[in-house]
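Below are two complexes that have chain A in common, paired first with chain B and then with chain C.
Let's turn to the complex of A and B:
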């Protein structure tokens, strides 16, 4: 089955990267815009070929992207939209243009989703709230900044190793005048009793009602449950995904290298799960990164060791209190109902 | 459906209408022991009455004589009465009547056994023997009823397909009487047939849903169509139902559930689900490397058939009985089970023992995946295994314990203070289930109520 050859002059991944340049646009939206572009450039003659071409484009994006989950959600949403779009088959070129416009319109409208979510979350943030958040999320930042206009809040944010994105959040919040403190990833349990509720963003919200987010979210959810604190997830509707992971290791991002053990030195490297490790590196003293105190006794993981760690994890739906989305405030069960209703038709 | 639980524990061959009211009035005045005595007397009297009446006029003289001989016999071995009754086939008797004689003798014998009575679970009603065909029972239905009551056809899907196929034959042979229309009369014609099936074995949810759909189709059939055309329309509808809701649904489930099986996985399954069997065979055919643990339980030991099918296909299998589950559960990657039906609150009603497997898996953080077509969805809510269940019939079928002793040593029978309780189904609470795979998607158990929404769109 030959795919529509458009890779000659049109590189979908490059277009995708281009859209991503804009800070505000998240990967799924960029994917939708890239796919909308692909529609116009494609020379498909029928709906079937067009959907085929879009699927190929989505595959390409998934392949070349390091973290494909949220991207996947956006692609699937757009392809489902294209498939279900009512069309009269007389003028296909016009149909394609129409689809492309719809795609662009959606992407533009989607930028307002974060504001909607921020407004919804406002009702749950009381004066003098102490909020715990994880790593860096644009929608959470928007919600916090929005709340700051009318209420007093203070925020704990985790450092979120290894990428240290929590510090980015710290800078943004402090610049806005919100009292903010960075806590170690391992100090989440320590701080949980001080916190009123937990607010996190998402890479994807899955069909079970669970959450896929930067590694550390699951931990936070479990600790919040143990401490009886509400755990809220903020997610735009284009992040709802039909995936259904049965466990952490059922995620598409999980590969055999993660959490693998190295082959011992001196023995033959037999059939090992970890192709990238030959001998374990002795941990070298590296200058402490990320602007924290540069004590000479501090150590850090090297790249190889970091590569064995996951980037995202899966939080079970029973640990999540509510999911705030532009379609409304949903319980985790409600997410599933929304997804089944949306994709079953 | 099931008679409301009352104090007197009669088998549901039903006490004559007059009795309960008389018995209940005085029961309030009697003590417990006196009440028990009264029950025993009533039961014995009824059992004698049941044995005395030959169940139907179709019995040849020889068979009837055997029966009355049996009625007097004080001691009975399980296998013998039915053997004796079915051994000499009086010429000209329909096979069904023969088997009915066997069933009747089983009936009077089990009636005697029920003289002790089950003190719990009696509200399900004890399995009744296939009684005399009241009115016109089509031979296809009679055959089916027999197959159901002797457990030759088991499994929700198999029963539903067999029922619908039998109904096609019945509809084909049906002739609309004068001054009547197919859409109105056919249903009244089918009702006694359905009751006959229910009497043989309580209807499964799948059969219920299919028959409801059939009734809808019949009542919606066009009055103006000539009879054979109307029948053809019905046949097409039945075929479509089977194809779309069962066959094709199974194919979608095979693919979806198969994707959850990864190379190197150890899959555990319980008893024998037709859907799970298909999933495993398909996953194996697509080249996935995995091994299967088949967990089985008495008395039905359905897992043996699954084991045979899987081993034949080349899948590495382990077979063990339910009590041994604890030893292997920590090595299992995923548990795949089928379902008899699934309820709005997400509870799964399935072969007895499934709940144990699910709870054990949950305890060890093993994901439990239920494979279930949407036509098994039942809109009521079930909270436990007692309010609705089915008891396996006593008698030859399931008294093969212990296997290595001759029949005379079937010590579980014939004990005055020992009752055998054998529920066929149990309820797995939604908290133990990780995911339900249907043809409309993978659904978490607490969102099962979204199935009607999805179905409404289809």
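Let's turn to the complex of A and C:
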């Protein structure tokens, strides 16, 4: 790490985490706020140094975060903005201050984006709709709660293993009085015929017009397509990301460990990864209710097995009907044009 | 009707058109659009305003009345939006010429994000140089702004009118590039745009048209008559045989009532049948329509084909009195054809795939006018 940029004890990742504490702040916004903070702390004296410092900060965030995709979108947006910002300030200190304020202003302003999206989505939610959603997304929740004020809706939410965030969605929706049922991730195809449309949030929306979201979104989109149901993605504009994945394995979150096979037992003498070669220690749980069936021991994956699974997946643009964003309702083609216009315009 | 607290200028013209729309004395998307422009022109010429906002409020009010009179005639609303868009554009260029505004640091991240918004490459200089400086909200002479800007605005409205008047010619300009000799074309219903398109191709190409008769309005009969009168070899077939003959058809050409933002369209009933049959045979589906039919609506509830219903008597007349009592007869007038069934839109301003329709809409209308 370059010493001149990280002045003193400023830890950008800690700052980022601190911003994330707020329930309403999503990673891209926290990243923008953290970078704005980094501008103040940095002792850069020229534009070049400043951009360098920001790039280093973004790099640091990316390196230390387990899932860098969405925060990266925020960093990219902010750095592109800083580079293109018209200089009119009299001295550099003033410019830095100005940039920092812009960053903060945007982060504050961006909190209203979800309301905008909820309002746009409202037109697409009919009375008596049955909606399928995946995992936990703040913008989807906002849209559903907003629709609930004026329309009768019921929601199926997937359990979303392994993190089980679907249960969080379930709790929030049930507390708000929306009829909600949790379905297994593997029951998406089973439930699809009952559903009017699918509504998911996003980690990032990429240049192809595709979507990066919690793992399972892709299969949901494929099933929705097969059943001819609309698949809508909700994404705030700070999640637009200049990335062009051609397959799942092009995502920055992919690493060789994901989906890797263990070395077969017997031939692996002398290798050090003993746990994977030995019989996996299956966690056995006693079912909560007794007497449901004989020999009812539930099997679950262990941590190590989970680690071999992806956290997010990529959904191709042809599977997505529309993307709702605070800048309007876009087709997937529209998203790619938008991104080009934004960063190349 | 409740009396309006603030009568809009050109009130009479607006109310006349409202009545006509309501009584369905004006039908057809182009006719409705033309009448709307003419009324708006009157409204603007009679309006008194001392800044642009006042004028926009006046136009919106008139527009809202017209749209409410016949919400199913989408071109009325489209024309109002278009006029508003043109007026704003002219105003901005006029103001920029007369007073270069200081734009110091209005550049924010959200503005930066909005750069991705599709926008029209504005070609050419402002229509007419405004020699007199435009001054809004002049306390001494509140009408001076209106006097100064009205000629420009009238020109902006005239542009919309001109576009509507030349729409058939411009759509059919490229007809001979789309229709080749000895091709067999299938069409349905009687769309003036398609008629003009086919006739224009008929000047240079020797081809065959199959017209589906389009029950129960039988507008296909008129189409067949019009085309054969122009010397084009024409066949008239019942709607039920569309699928059977599709294997011999090279291309199907549809007209549209409205084109929606997702690239789907609302077209005469039977179009969905024809388009689906075409898809099964991988026959290209071409839609001919003027850009005034672009409607900033998504396919919200049109999947039910229930945009508008026609008179059921053409399905089951009163001579069948006994039966009429016992059955419900519905006669939907339009089909919703989804974007995945359309290959290309031929418009008066170039050919576009369904996926770029939303961009055209963003370029043609201002976002804040979607709700009038």
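Keep this in mind: the second predicted complex is superposed on the first by the 307 of 345 C-alpha atoms of A that agree within 3 Å, B and C clash if a C-alpha of one lies under 4 Å from a C-alpha of the other, contacts with A are read in each partner's own complex, and residues count from 1 in each chain.
Please note the rule applied: a residue touches a chain if its C-beta (ideal position, glycine included) is under 8 Å from a C-beta of that chain, and two chains touch if they have at least 3 such contacts.
From a predicted model like this one, the values you see are computed outputs, not experimental measurements.
Peer 1: So if we stack both complexes on chain A, do chain B and chain C clash, or do they fit?
Peer 2: Pair status: fit.
Peer 1: Applying the touch criterion given at the start, work out whether A:341 contacts chain B, chain C, both or neither, answering first, second, both or neither.
Peer 2: After superposition on chain A, A:341 lies in contact with both partners, chain B and chain C.
Peer 1: In the superposed arrangement, does A:330 touch chain B (first), chain C (second), both or neither?
Peer 2: second
Peer 1: In the overlay, answer first, second, both or neither for which of chain B and chain C A:207 touches.
Peer 2: In the superposition, A:207 touches chain B alone.
Peer 1: When the two structures are overlaid on chain A, which partner does A:317 contact: first (chain B), second (chain C), both, or neither?
Peer 2: Once the two structures are laid over each other on A, A:317 reaches chain B alone.
Peer 1: Could you read off the angle at the CA centre of chain A, spanning the centres of chain B and chain C, to the nearest 10°?
Peer 2: 60
Peer 1: Applying the document's definition of touching, compare chain B and chain C: which contacts more of chain A?
Peer 2: Of chain B and chain C, more residues of chain A lie in contact with C.
Peer 1: Once the shared chain is lined up, is A:98 touching chain B (first), chain C (second), both, or neither of them?
Peer 2: second
Peer 1: Who does A:244 touch here: chain B (first), chain C (second), both, or neither?
Peer 2: Touch status of A:244: first partner only.
Peer 1: In the overlaid three-chain picture, which partner chain does A:127 touch, first (chain B) or second (chain C), both, or neither?
Peer 2: So A:127 meets neither chain B nor chain C here.
Peer 1: Give me, in Å and rounded to a whole number, the least C-alpha distance separating chain B from chain C in the superposition.
Peer 2: 7
Peer 1: Kindly list the residues of chain A that each of chain B and chain C touches, one partner per complex.
Peer 2: Comparing the two interfaces on chain A, one with chain B and one with chain C, the shared residues are 333-334, 337, 339-341, 345.
Peer 1: Which positions of chain A touch chain C when the two form their complex?
Peer 2: 32, 77-78, 80-81, 84-86, 88, 98, 102-103, 105-106, 109, 123-124, 126, 237-238, 240, 322, 327-331, 333-334, 337-342, 345
Peer 1: Which residues, counting only chain B, touch chain A once they are in their complex?
Peer 2: Its residues touching chain A are 260, 334, 365, 367, 369, 434-435, 440-444, 446-447, 449-451, 453-454, 457-458.
Peer 1: Give every residue of chain A touching chain B within the complex, in rising order.
Peer 2: Residues 207-209, 242, 244, 246-247, 250, 317, 332-334, 336-337, 339-341, 343-345 of chain A touch chain B in their complex.
Peer 1: Show which residues of chain C lie in contact with chain A when the two form their complex.
Peer 2: On the chain C side, the touching residues are 104-105, 107-110, 112-118, 261-263, 298, 300-301, 355-356, 358-359, 362, 367.
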